[in-house]
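Here come two complexes built around chain A, the first alongside chain B, the second alongside chain C.
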Partner chain A sequence: MRVSAHARAPGANRVVVALSVAALLALWGVAAIGVAPNRIVPGTPLKLAEVAGWYGALLGSLPLLALAALAWRPELARLKLALGLALALLMALPAGLALLGALALDPALPQARLGLGPAFWLLLFLLALVLIELRTRLWLGSLAGWGMVAAVALAWGATGWVLSSWLAPLALWQEYRVRSEAFGTAVLYHLLLVGGAVGASLVLGTAIALAMRRSRRLERAGFTLLNLVQTIPSLALFGLLLAPLAWLAANVGWLHALGVRGIGWAPAFLALLGYSLLPMVRNTFVALSGVEAGVLEAARGMGMSRAQVFWQVRLPLALPVVLEGIRITTVQAIGLAAVAALVGAGGLGTFIFQGLGQAAMDLVLLGALPILAMALAADALLGALSRRLSPQENRSHGGAG
Partner chain B sequence: MIELFEVTKRFGAETAVDGISLRVESGELCALVGTSGCGKSTTLRMINRLIEHDGGEIHLDGRPVREFDEQALRRRIGYAIQSTGLFPHWTVARNIGLVPRLLKWPATRVRARVEELMALLGLPLEQFADKYPHQLSGGQAQRVGVARALAADPDILLMDEPFGALDPITRESLQAELRDLQARLNKTIVFVTHDMDEALALADRLVVMRAGRIVQQGTPLSLLRDPADDFVASLLGGEDRGLKEAAITPVSERMQPLSPRLLPKARVHQSASLRQALSVMFREQADRLAVVDDEDMAVGELSLRRLVEGRRDE
Partner chain C sequence: MTSEVPPDVGRLMRWRAPLVWLSLLMLLAAGMAWLTPLFHWVEPGARQVIYPHGDFLVLLGRHLLVVSVASLLAVLLGVGAAVLVTRPAGRDFLPLVAQFASMGQTFPPVAVLALAVPVLGFGTWPIIVALLLYGLLPIVRNTLAGLEGLEAGVMEAARGMGMSASQRLLQVELPLAAPVILAGIRTSVTVNIATAALGATVGASNLGAPIISGIVNGNTAYVLQGAVLIGLLALCVDSAFERLQRGLGHPGR
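Moving on, here comes the complex of A and B:
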């Protein structure tokens, strides 16, 4: 691949060129920011040229033009330069936003709010895609990927710190500032709910998978039941749990003392557990069953005890697939836990539903963005762990991944 | 010594092994051959109790295997299989040291033993000790499998097509190693194979199975010369049986003293097989060969007539 990319008469890297052009179109075609005099009044969407003027907009477009130009002839050095440029652009995004805000907002209106326009989100998304594409083209390892994520996070943090007064009118920030304490609690609750459900489903799911391996009948019955649970819409499942839990809370003293109610964390936790069990059981079951028969025969034939075969052979060989199950379950639970806010379980979903109720999109974002970040982080971390643990194959020729 | 008395194994309605009796003396290599599904692997696995037999008795040195502790029994019987069954998450060295570690040998002794075995099986330590099984070629992996089976120095070895799926050259060198090992270490070996040449070359006792029963057993020569029925005859090679016999008879057995006649140009080594001698004659269009030693000095001669008729005066 690498050789052919050089040897061929260099054709343009169409992906990066197309992404750059799309980013340019977004920058000129749709609103970059929205400004509103206060929280109640809907904001006015503003395009880049409307805020920065024609010259400013042209100036802002230059880096994207340069990106397209660099990708037009994809030589190694030019692609490296393009990667650096795209990374710098992504890192500078909040600074640009602050600048636009300063230009657009009337200092006489202290209540004024700065909203994020579609061009901002598109630029974020398209630049991320450019980085992913270039990382693959340049054969950079996962370490470089993490490095880029860290650089962007650092730059954004620093920008927020240095330009805090300029970014203060940011609606998202405003929404956060008035409920910073609630935000912390919500994040904590969300994590606790997800962690609890995934942890419990791991323990329970492993037990179920082990039991299923002992009996064909149990296997069929178990999967049927778990598949059934998966088909119930989450809201309906909360509803189904409401009545029995309320009854239990009323009639069983210690459950009541534990905080079990018809609404609140109990139905949320149980519903999440129910949804988590299928992927967990399925992966654990497949992982434990998928260990090569010859390896197990040899293990027994060498005189290992049942326990030794399980702990030293079956489990280590199954672990990467089990971890894959944990990854799927965690990502799914992070999303589903948002719905749990509807039954009063707290978590980041609270902001989403409040925001929807008040038609305050920035409040919705305050709930949705951390959920997105958590899901992406869990996916990346657990995926990396699973790859690291899978025996040999990946380990020996890692790096390029 | 391994003895099987009327041993039977059923899987549901199917009888996989049907009342077989067999005695493998200490230091003997017994090869089980037969068509696919005739119960060879099942027989092997009943000896180390990976499969429990339903009927009859299996004795190890005069003691029923059922009286042994299962794991203790297996730890004193080496076991090698075609798929190698190496643990993919362990290095070569760790794989080989498995049984010694199960037997709680001290670490230094395990290490010394692993080094010894790797040398024995032609696996240079620096090159292979830290490799993982997927980094090995098929032949190297099977060597490691054999090394693992030998690790705790068991006096009994069960080998289920251990050299299957290997190219002829690697296979021959491993066969030579096994023969050598057995001669030096006096192991009792039960060996399953589909390769008739391998069975004939290695076995002291050849056991032909069909549909769970033993059809015939004896030395390779006795079976080749006197097959019990058409099945055995065709399994042993049909019309090729003569060549198979020639292949396991060394030239030295038929060699004549040097005659005063002119020494023929075509020559064959004294340790070659009669089959090779025949091949040289065919190729050189000669009916007389000089038999030479390692220094290429003539030590005798062999005529075509003598080669094919030699048995008469045995």
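Moving on, here comes the complex of A and C:
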């Protein structure tokens, strides 16, 4: 990552050129949208040229050609222009979709649905990669990254609002509209499950890490056990918890009263807690023991009390590492909570598995896309927070290496 | 540590953990029917307590086949891609590939599997492709970390000895990076075993199938059979990797 701008002034930015060419190929080669007369009939995939005609497709290709041309000679000003162009394209994607929908859909069919084709997804993906690449090349900080995300989100929201009648046939929107209440509940359940598991694992994990610091044997046994749990596939762990929990629910009155069943939130919560403990304990343990003896010595030498040492030295040094543990745990739990829908825990996974069962792919998207967004958001937010609090590297972003 | 023990016995002892898991796995997969009374006790109401649709050995074989095809392709493509972007010719692509490999691991495997199905359709191949795509990321990431983390002095020395670029890659870089690469492969395979089980929800017939069928039909015995076998499979493979890593030196996680 250190090899960049100053090492090679001349020569095309081959990455952006390659990405633009790939985007062009996607635009011409695969379907941009799918059109179906109703929910049951599978859609007809349509390429850009089939909807917008040759001239329309050529017009649509112009910005991508311009992007490749700008990257051909990577001077600073041209790369900045390319960044602006890629950002504008990404922001305009839903508007283009609405336009294609208006062209392709027969207004006489009110039940008609507009599906998203592979070209749409590829364009989204490739443009995001162009932005990431240009951000690195132009040495833009994380603030610029957040700004770009905000701009895209704003533009998409505004497009959805202004062109709502054109975007109404969007199958994803239709799936949402008929179960908007269930969707809200699912998001809430998902967040509750993740928040509960991460919160509980933070408390329990800290306690375990503290106990491990007292005894080496406990440390070894604990890590072995937690590693074992982490290795077992989620579906299997949910399954293994099902039988004992069903037994407990049938035989222990107060657990039954609490709502513990073989199926439901109980196995999901326990499994998520089990998976969360390893990263949490590992990081808390490192955080607790990672503060160098010399630093503590110096703090005590300065006349700090035990409490002062904890609050002013240990905690600030440990916090970024603990936050890193929370980040890993949260991202992992968001994904695993989706699997929990299989054991009846609710959450967004319900839509995924319902959709897979009915071969209704837009319903699958309704579950999978928010999960993806949640995971990315949690990763970015908690990562930024831990970097901000980290005393050593508060300037350097991008944790790869 | 094993200086008192004859060398071949010592070698076998070191593989004890994976061998124990493997024999338990095979024993259970072959002889689940012997445990019928136990499962009757678990699920007293049901007439059928052993998963009827497919022999457990066959399900295990299918599970392993999907995981190993996907993992093998992921290793070839992942290591290949990482080597390519660390050579002078492909160096332009290094920052993007590195960032994407670390960012992509944020994607939950379930979501990747779920998104692959609309694009690729139902069946075995879509699952293999989804596993392959997801399994690439830790391998690319770790191979990059391993290759980029080599000391400059080592590379200098190799160059000074008159080694060609390909000799340096095959005799110096890859062997030195091997422990870190292996750690990436381990992560990839572990996730693939778990995600392949989820493939049962999109119609794959593997060890996930008894679990799904058990949940749908309310038969805890089926669920237990699938869950125990998948758990054992994961533990067996993971402990074998741990052994391999220890054989190569310190695990680079």
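Throughout what follows, the second predicted complex is superposed on the first by the 370 of 401 C-alpha atoms of A that agree within 3 Å, B and C clash if a C-alpha of one lies under 4 Å from a C-alpha of the other, contacts with A are read in each partner's own complex, and residues count from 1 in each chain.
We adopt the following convention: contacts are C-beta pairs under 8 Å (C-beta built on N, C-alpha and C of every residue); 3 or more make two chains touch, one makes a residue touch a chain.
Since we're looking at a predicted model, the values are computed, not measured.
By the touch criterion stated above, A:Glu297 is placed in contact with chain B alone, chain C being left untouched.
By the touch criterion stated above, A:Ala69 is placed in contact with neither chain B nor chain C. More chain A residues lie in contact with C than with the other chain of the pair chain B and chain C. Once the two complexes are overlaid on the shared chain, A:Asp379 sits against chain C while remaining clear of chain B. By the touch criterion stated above, A:Leu317 is placed in contact with chain B alone, chain C being left untouched. Of the two partner chains placed by superposition, only chain B is touched by A:Ser305; chain C is not. In the superposition on the C-alpha atoms of chain A, no part of chain A is touched by chain B in one complex and by chain C in the other. Contact residues on chain B toward chain A in their complex (touch as defined above): 45, 48, 50, 70-75, 79, 81, 83-89, 98-99, 102, 132-135, 145, 148. Residue ranges on chain A touching chain B, taken from their complex, read 292, 294-305, 308, 313, 316-317, 391-393, 396.
Within the complex, the chain A residues that touch chain C are 1, 3-4, 13-15, 18, 118, 121, 129, 132-133, 136-137, 228, 231-240, 242-243, 246, 262-263, 331, 334-336, 338-339, 342-343, 349, 352-353, 355-357, 359, 361, 364-365, 367-368, 371-372, 375-376, 379, 398-401. Taken in their complex, chain C has these residues touching chain A: 42, 91-96, 98-100, 102-103, 106-111, 114-115, 117-119, 122, 145, 148, 190, 193-194, 197-198, 200-202, 208, 211-212, 214-215, 220, 223-224, 226-228, 230-231, 234-235, 238.
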